[in-house]
Amino acid sequence: MALLELDNVSVNYGAIQAIRSLSMTVEEGEVVTLIGANGAGKTTTLRAVSRLLKVREGRIVFRGQDLTRLAPDAVVRLGIAQSPEGRQVLARQSVQDNLELGAYLRGDRREVVEDLRRMYERFPRLGERRHQLAGTLSGGEQQMLAIARALMSRPKLLLLDEPSLGLAPIIVLEIFTIIRELADQGVTILLVEQNAKLAMNHSARTYVLEAGSITFSGPSARLVNDERVLHAYLGG
Amino acid sequence: QKVATPIEIGVAVAQTSNVALLGQEQVIGARLAEKFFNNQGGINGTPIKLVFQDTGGDEAGAINAFQNLIRDGVVGIVGPTLSQHAFAADPIAERAKVPVLGPSNTAKGIPQIGDFIARVSAPVAVVAPNAVKQALKLDPDIKRVAVLYAQNDAFSVSETGTFQETAKAQKLDVVTVQKFQTTDTDFTTQVTAVLGAKVDLVIISGLAADGGNLVKQLRQLGYKGLIIGGNGLNTSNIFSVCGRDCDGILIAQAYSPQQSGAINQVFVKEYRAQYKKDPPQFAAQAYTGVQVFVEALRKIDRKKKLNTWDLDDLRAELNKAILVGSYRTPLGVISFDKEGELNQKEFYVAQIKMKDARNGSFVFLK
Amino acid sequence: MDFLQNYGFLLATLVQQALLGLSLYFPLLSGQLSLASPGFYALGGYVAAILLVNPAFAGLRDALGNWTFVLTWLVAGLICAVLGLLVGIPALRLRGIYLALATVAFVQILQYVALNLDVTGGAVGLFGIPQAFGFQDRWQYLLLFLPLLAVTLLFTRQLERSRTGRAFRAIRDDELAADAMGIPPTRYKVLAFVIGAVLAGIVGAMSAPFLNTWNARQGTFDASIAFLAYVLIGGSRNMWGPVLGGTLLAALPEVLRPLQDWRLVINGLVLVLASLYLPQGLVGLFTRRRAPSARPAKAEVAK
Amino acid sequence: MTSDASGAPILQARGLTRRFGGLVAVNNVSFEVRRGEIFGLIGPNGAGKTTLFNLMTGLTPPSGGALQFEGRDVTNAAPHRVASLGLSRTFQNIRLFRTLSALENVKIAQHTRTSAGFWRGIFGADRAEERAVSEQAWELLDLVGLADRAHELAANFSYGDQRRLEIARALASQPKVLLLDEPAAGMNSAEKSVLTTFIRTIRDRFDLTVLVIEHHVPLVMNLCDRIAVLNFGELIAVGDPASVSRDPKVVEAYLGAEA
Amino acid sequence: MALLASLMADGFQKEPALDFAQFLQNLLNGLSIGSVYAIFALGYTLIFSILGIINFAHGAIFALGAYLTFTLAVGEFGINGILKNVDLFPGVEGGSPIGFPLALLLGSLLAGLLGVLIERFAFRPLRARGADPLLALVSSLGVALVLVNLIQLLVGAEIYSFPSTIYGSLPPAVRFDVGDTPIVIRTVQVIIFVVSLVILLLLGYVIGRTKIGKALRAVAENPATASLLGISVDRYILITFFLSGFLGGLAGTLVSTSFGISGPYFGVTYGLKGLAVIVLGGLGSIPGAVVGGLVIGLAEAFVPAQFSAYKEAVAFAILFVILLVRPQGLLGRAVIQKV
């Protein structure tokens, strides 16, 4: 059984249907990429999984449990973390507080401290700025913080909404290194990314979203060479 | 428009808002009067009916209450509670030519609003001086006086003026004047100033809650001398505020439950039976307001049956009748001058005696 | 006619409250939560009351006759404009609740000053205010308030359409972005604030004769909150909101009079329910979303 | 491609510095931008690029240094003044008027290019101007491909579309200099190449000078006439794309393995 | 404080003993007035700090707490309300079978529960809809109107006072001498001062030092993001309302043991001053509420006698001036905005 399964999911903003009858699966331990043009509904999909949006039709099932009736915090409790679009760092808290709040549900205080140390190692920038208010970080620093914060909860399923956005090339590579490592540790990742080539190189399968529906899907290695995908998303 | 039976008299007082403490006593007083006079046969056989309209706490509410009563065809109105409201609403009645009796409007200028406006509440200036004189009788050595008043209460402001003049006239030395708000609860600052001034008489013009708290804090912080309370403190409500510390306050009264007239004794008995305490001045004045209407109406009715009158004519006639009569009321014998100002003969000075922490009485002083 | 006799005061009050709601709406247009309106209302009332009863102005009154009333409006509007500028320029650096509270502080200070001055009649206030144009009945004040309302609404509509209105909206939405787009926020915020102040002042000046008396209890914190409720319950994004809100909320306690003791309890309940169930405010019930204006034909051709 | 005025500096920074507490976000930075060029600004995260934009647009007052625009000192000018002189920008963290429609967003930005005062608006004497404003707004929306969604609220647009709308809004004030803070963020490769063409087009069509912050190196190299590189608040290199990308300091600080 | 006092004393060389005593007395007065403001404002600021709205019903809860405790401790009603003939504890001599401390606890708990109900029915639906936060202000205003008038309907507008026996055999005032001048302060005031300090320290600890506090701050700043981190937003908001109601009820009762319950509007009259206090101290700052209360209390206490007419205006004048100088209030943090 798939770890995460979206079954005919539709989501509306008021009268506007942003995703319609979308079905997809993410297997345990797998990295899956979701790509699509601006406004295709990628963010909407991730927000629906985290229950920040109401699901109008269909079911979202995680490890056999239907998420569609749960509160957002209950979803996190099941082991799903998200690094959201627009970073959404808590601007008035320090970097360190943001990270500690990422581990809010964890009781293993000592491990948390260890993880913090590891995060600062990975992102030295954050380490230097641990007492700075998150709202005053530069765009890219905030992006690092958002990703690190999501990691702090040690999720089973990690949802990343354009993690490379606003990051310098070196850091982008670092992010993908992390993704690979996590995948090796068995963490499942659903990745929304505009840097499609890079993302597909790091993932097993890819879904292509167009105007709220899946138009292509399959092994990334195959899709990355698909003419149509190439043309539309990979800039030829 | 014909006059309806039973004869409707309007009562527009503050039943809600933070003036309700006063207003609800007026409702009680008026209700008791209604019951009493109807038991006596009303207006020569025709019962009266009080129509209540809440003025709430603001001027617009008072005007609305008056307009509603006028529209409903009452022959006259007892109300409103506050002088400020009277300045807003009385002109409405005046223009509609509906007689008004102010039950508790003591500010200068109320009866002068118009021909149809009169009041059963004595203006401040005549009541207050008695208390100062009484205090000097009790303790001729008094020299230094502190005066405190609620500056946001129209009544207290004019009362304190009278107090201060009287004190000066009596050759007393007003060493400090302190102001507060009726909504205040903490008076430590004022009390400290009073204690620092080493006075032997304190005169307070305020309402029950603030005045009572002031007295309590004065006593708790060690003031030992005499205290005079203005008319706003003239209510048994104060007992529950200052408790035992109320003991000994001198109060100048426009009304005393101990007034010996027969009607007052009936009123006091009725009130006590229902509420287990002495009636306060506000109840007595509202009662008086209703009584004056009833007695004036009786006089008219004897000449020409009320239900044969045109409403407008009756209102005009009633206004005339009110001003010429003299009435034996719980306030004693009263009458009105041409403008509608009250002539009241009897004023009182009482001293509070507390039985225990919650019950006490106003003991009438000669 | 009887109807007007009986309900004239109420009707005029409703229009008056609608105007006061509007006076709060202007600062809100530029995103400023100002609760200063009651202060300017009180001030306007005092200006009028003083001009109309103070013996010092007896000569002026005799000379001007009924024009005195017009003069009171002008003077009240002018004084409020000046004071609005003086208070607005420093205060409008504040935002949200901080601004609201600073304006409330301003209202309170005005109130205590009024309470302590002789010209304002202290706690008793000023009374025996002559009736505008010899009006006999309260409903006649509709002849003042209604035209003022009409003019104000027309003014508001034009304002909202104009470049100035757009600048207000931009500042309301994001002050920093508006600044970066070339709109000087302070200037526009002060402008919006002053418009509200002037309107409140003029309404105050008309209301002094309307209420027969004026005292320091006019324009209190309670009034601030009431006006705010008008705007929010009515709908804060449309000029009809404060009008509807002011009218209906002011009417409510009167309509509920038959409930006697329960009327204010029910009044409160209605407030709660209205905020819960009218997301767009009252106007939301009446306005269908207007079809947005189509693209001008010329531009289409150009394409 | 560049006009005859090419070479004349339109923007000059002299020793611009900005401290935040102990941190020097922009440190003694001096450079010139020439009229009509497309000037790139790159550097690692937190290097001070956005802060530099903020200094240039008046949103952050500098701790030191001076800035001249067309020979005029604008070091401490308020944002709205800078905007009215002809500098317009987009934001890294998108700052649209979220509760207003796309059309209104673009109309508002024409504030500095219109003149109808308060009373003219009240008395309806601004008809002609309003018509022009509306026409231009529609044209700009056309230009970025959002005209068919003109009445939608800005908040309802997806991330990439919001970026487009911001560009349209910045153009609406008819700037002389356009500052774009990561305009391609959130766009895929195909969209990025469209954007590159688009920036060139508007530069030519509106006679613009363009400053771009961008992390996508190929885009920058391809688009810009000259590039400045910031690292830890300091300017470590300025020059044409080829020379900058060969500069060892730049490779070490920024390009890393990818170069 | 002591240093300041001695400086002041030096300033008045002529009669140092007397003036120092005067100063000390004013200081104590100010602290006692201020602690009443502070204790009222604490519950206010709690809700503000998390929801960013003013709960106008707080004044009503404050009063209701006092009424509830009074009912439980004394069990007697007045002459005007619906409940006038109801005997709560029939057959019990002396009013109530439970003592004041228990009544205080129960009354405050009930007030906390009321806070929860208000949250559930007057605030949550608005939040769920993502409505304009200002609407919550109107909704709470409605709740306040309902509560105040219900109280009036049930028990009338009269004044109620706790018997002086509730604090056992404590003397009504504490006094000591400085030089020859006696300094006095009411015992009740001391109790209120101490209680508000204790509450402050407790709250300060919970919010500043624990995970709960961190989560609360996250909810306050951005509920959606907080929920994305696994924080149960609704639960925290509920807890906040309970705490605020509990503190409000407790504070109301304490204050009314000092001043009596002067009618249903008892709490409302603190509302505006309380607002001034929390804004002055810095919105959402717990120590700010206390500092704000004390500053305003002290300012009022030090207003010279001949200006006592303007005593009330002083609080607001200070507020106005401070806001102009320090827009975020005394202890508030400036909102940083990076673009």
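Note that the chains are named A, B, C, D and E in the order they appear, and that numbering of residues resets to 1 at the start of each chain.
Criterion: contacts are C-beta pairs under 8 Å (C-beta built on N, C-alpha and C of every residue); 3 or more make two chains touch, one makes a residue touch a chain.
Heads up on the chains, UniProt names are A = Amino acid/amide ABC transporter ATP-binding protein 2 (HAAT family); C = Amino acid/amide ABC transporter membrane protein 2 (HAAT family); D = Amino acid/amide ABC transporter ATP-binding protein 1 (HAAT family); E = Amino acid/amide ABC transporter membrane protein 1 (HAAT family).
The structure displayed is predicted, hence computed values, not measured ones.
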item: Other chains in touch with both chain B and chain D; value: C, E
item: Steps in the shortest chain-to-chain touch route ending at chain C and beginning at chain B; value: 1
item: Chain pair with more C-beta contacts, A-E versus A-D; value: A-D
item: Greatest separation from chain A - chain, by CA centre; value: B
item: Maximum centroid distance from chain E, chain identifier (CA atoms); value: D
item: Whole-Å gap separating chain A and chain B, where each centre is the average of the chain's CA atoms; value: 74
item: Mean-CA-position distance for chain E and chain C (Å); value: 32
item: Where chain C and chain D are represented by their mean Cα positions, the distance between them in whole Å; value: 42
item: Interchain centroid distance [CA atoms averaged], chain B/chain E, Å; value: 34
item: Chain D, residues touching no fewer than two other chains; value: 50, 59, 91-93, 95
item: Residues within chain A bordering two or more other chains; value: 136-137
item: For chain B, residues contacting two or more additional chains; value: 16, 151
item: Inter-chain touch pairs (all); value: A-D, A-E, B-C, B-E, C-D, C-E, D-E
item: Chain E-facing residues of chain D, complex; value: 50, 54, 59, 91-93, 95
item: Residue numbers on chain C that touch chain D, as the complex places them; value: 155, 158-159, 161-167, 169-170, 173-174, 176-185, 191, 292, 295-296, 298-299, 302-303
item: Residue ranges of chain C in contact with chain E within the complex; value: 33, 90-91, 93-95, 97-98, 101-102, 104-106, 108-109, 112-113, 115-116, 176, 221, 225, 228-229, 232-233, 236, 261-262, 264-265, 267-276, 279
item: Chain E - residues contacting chain D, complex; value: 338-339
item: Residues of chain E defined as touching chain A within the complex; value: 211, 214-215, 217-218, 221-222, 224-234, 333, 335-338
